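Below are the structure tokens for one structure; questions will follow.
By letter and in written order, the chains are A, B, C and D; residue numbering begins at 1 in each of them.
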């Protein structure tokens, strides 16, 4: 499907503020970017680089006063998300080098603390895809998805204690559970067609059957229409905007995802 | 300055043909991409990756029949090209690791054969920027820039023998001369505002005074308005389209560069 | 100084166990490896790769029974550690791209929780090196360095609560405090000459004055004699041995560091 | 088999001379380095980095006077070289991104000029491994392997014209022929057990059947006992010593490869 996705972020800046943004989608194996616009108002020097995960990052220093960022893209992405019940667990010794670091615990995914829970959730499952599907279903049943319930990312331990969280938080718990079973897992941020309520979104991917598969515990059924902005170990790596110095929050934020012909 | 650049390439494909294209400009330290469009007709699966030089490359297999690629971008780039007479030669032992490979000879830049000529051209010059400027001036006086004079890249030796070449060929000779003096040099392909006649363009960069500087022997005076599509050791690395199998040439090719407000 | 460093790790393996080891020092800007030996007994296929941080990692699957790894190296390293009181804080917008990820919180360095403490510790200090020196001194006075006090890494929050930890744990708190002030910081593991009691060691580096400087809160005075095995965001990235499946601990571990002529 | 390999290079340096050396073997999927020594006399600051191909490179400036480099390693490598008649040609669109640049022409492998010859040599062969085997046999029959016949690398065109060359030169022609058939190919330098006369060695690898295979036209039969020092597109990338400024040649060079238990 062909989607027009975008966002507008408005800030009121009191003191010149360095930002690192991750708002430009890249073409890759999962999506093709046909059109793209990136507007910064007032015009400000921007420098773009590629981070360790291959994400495009935009560096700038926002000047004082009203500051607005608008990006818009037309992206071709899949109508559905691949499912692969039965896809096998990959033994550690057979994992590609590039995937190994997604086994390690990270800021918001304390996978070293979740082995017991993960084993109990996945009991009786065939090793691999089915374990991750069981984890996703467990999240759907046990952790309430409450959009807007917090601003700061929750770690897997906190989400599991609270029993609720935003999309990013559910992803953290899913990732921690996978890694605790030696299944590489990573977070993805971007857009989702038909998300309710519309906003930036986050989900996760797990590496089984020799490739990455998409999982999203916030959606009742597997669906397509995902557009990727960035990926990494957890929300620490993939803030769509990272801002340094005294905290600045958007005074307005619009997000849109529409089908186009 | 803000430029709308783009091209349209049309092919008549007789047998399914793999292509690697380098037609999407990237934002970086020298330019900022505000808008971008990439259209392939008929629609074909495309996969984009980043090559060893950081260039975005698009892989696809063109189906039989008429095949057209159109890309268009709005890019903010500098009004002028930095000049730095006096910028110093960097001793080999002080060059950054990432720059060392641009000292080596390459397919079209046989720098191992040009030390004598380079020494004679740069006699009496302060080591560094001034040497490269002298090389560029020598190219302007001694090698005729004849757009369209050949399709296949000429190597530095061939250009020097022929006494003429297209933009790419002049760049090859400039690069070979620089490298033969232990000055790192690389080719850049892209667009240039006001190029006569309008076409894709190629120029070169040399590393002196601890950064890369732009040189273009096809232009009488230093100017701005450059938009970068890719860079590498020579034309072998930065074909804007690389096609495999029986040769296919565009039956039509349009290139445009316009100022926008 | 020229140091012979090495270790011997002995395991009793009950079930074939995948390991990722980080026991081969690399030559780099801080050290030169003159000799190196790496012995695995019984002989087992090993595959070495370079991780995202440039560390050499050895992958193998340990067979059942006694399993022993011995590495030994002669490394030339500095007699002293550079100090640079007054070296300046680098504004975020001026940091090199490659350093930015060391500003982010990580598994054991929850820098997002330490700004208040870091500000109070560094009050009145010149921004940059002096802040990191103040943090290191604060660690020396406030966190007891107790070798062997725990096996699993403690996070910065845990160390701060407990008031004690091993070398790695003190490094975690130092790193979290630096990052909370927007100073990039990373962990280093390796060997230290004259360490009491002798063991593997961990310390940290902070990026100020446009380069990395070494800090070690476990030592009363700045000293030299450091040999690096690996570096990363925190202990999650730089386990000298990472083992998967049911936990296996060394039944014997010898570490040595001696001066050689 | 377990080999002790090494070399000693002696220079008489008239003016301080920057060197880039590639004399430290790395462990990888094809070899495991058990012991390694690297001695520079007189002692000189050395800095080691990893180049774009993953080779370890040592940078130093040789002081005036006698200058000697000795390296020695014990390396475990295969007793034989894998053969795979029938291993299939990989279509361009299915090649991994990381392999694509080995299709391009390079300084000493003008693959753009060899399609006709390559087609005639491989007529009737199954596409893939068998084509490369046919090319290797053709080299054995048509190009004389004359150790020591030249100092400077010959390009594929020159070797084909001359009808003879050293190991490196034969590899260049083999690589150019492979690439002209859209088979990725690269040069490897290192040591070979039982090489007559003993010296540094060079051979090539081709990518067919989804992996790299070893080919060596200087040896009548496929054999094992290869130890890799570096790999790249051609000899320009993998000089075991690259020296800048007025030419300096070793006044003495010893190379050894012995079996050890």
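Just so it is clear, a contact is a pair of C-beta atoms (placed from the backbone, for glycine too) under 8 Å apart; a residue touches a chain by one contact, two chains touch by 3 or more.
Source: prediction; values computed, not measured.
Fewest touch steps from chain B to chain C?
2
For chain A and chain C, let me know how many angstrom lie between their CA-based centres, rounded off.
So the centre of chain A lies 30 Å away from the centre of chain C.
With chain centres taken as the means of their Cα atoms, state the distance from chain C to chain D in Å.
37
For chain A, jot down the residues that touch at least 2 other chains.
Those would be 49.
Applying that definition of touch, give me each pair of chains that meets it.
The list of touching pairs comes to A-B, A-C, B-D, C-D.
Sort out for me which residues of chain A touch chain C in the complex.
Against chain C, the touching part of chain A is residues 18, 20, 49, 51-52, 59-61, 91-93, 97, 100-101, 103-107, 109-110, 112, 152, 182, 236-237, 244-245.
How about chain A: which of its residues touch chain B in the complex?
For this pair, the touching residues of chain A are 24, 26-29, 32-39, 45-50, 54, 56, 58.
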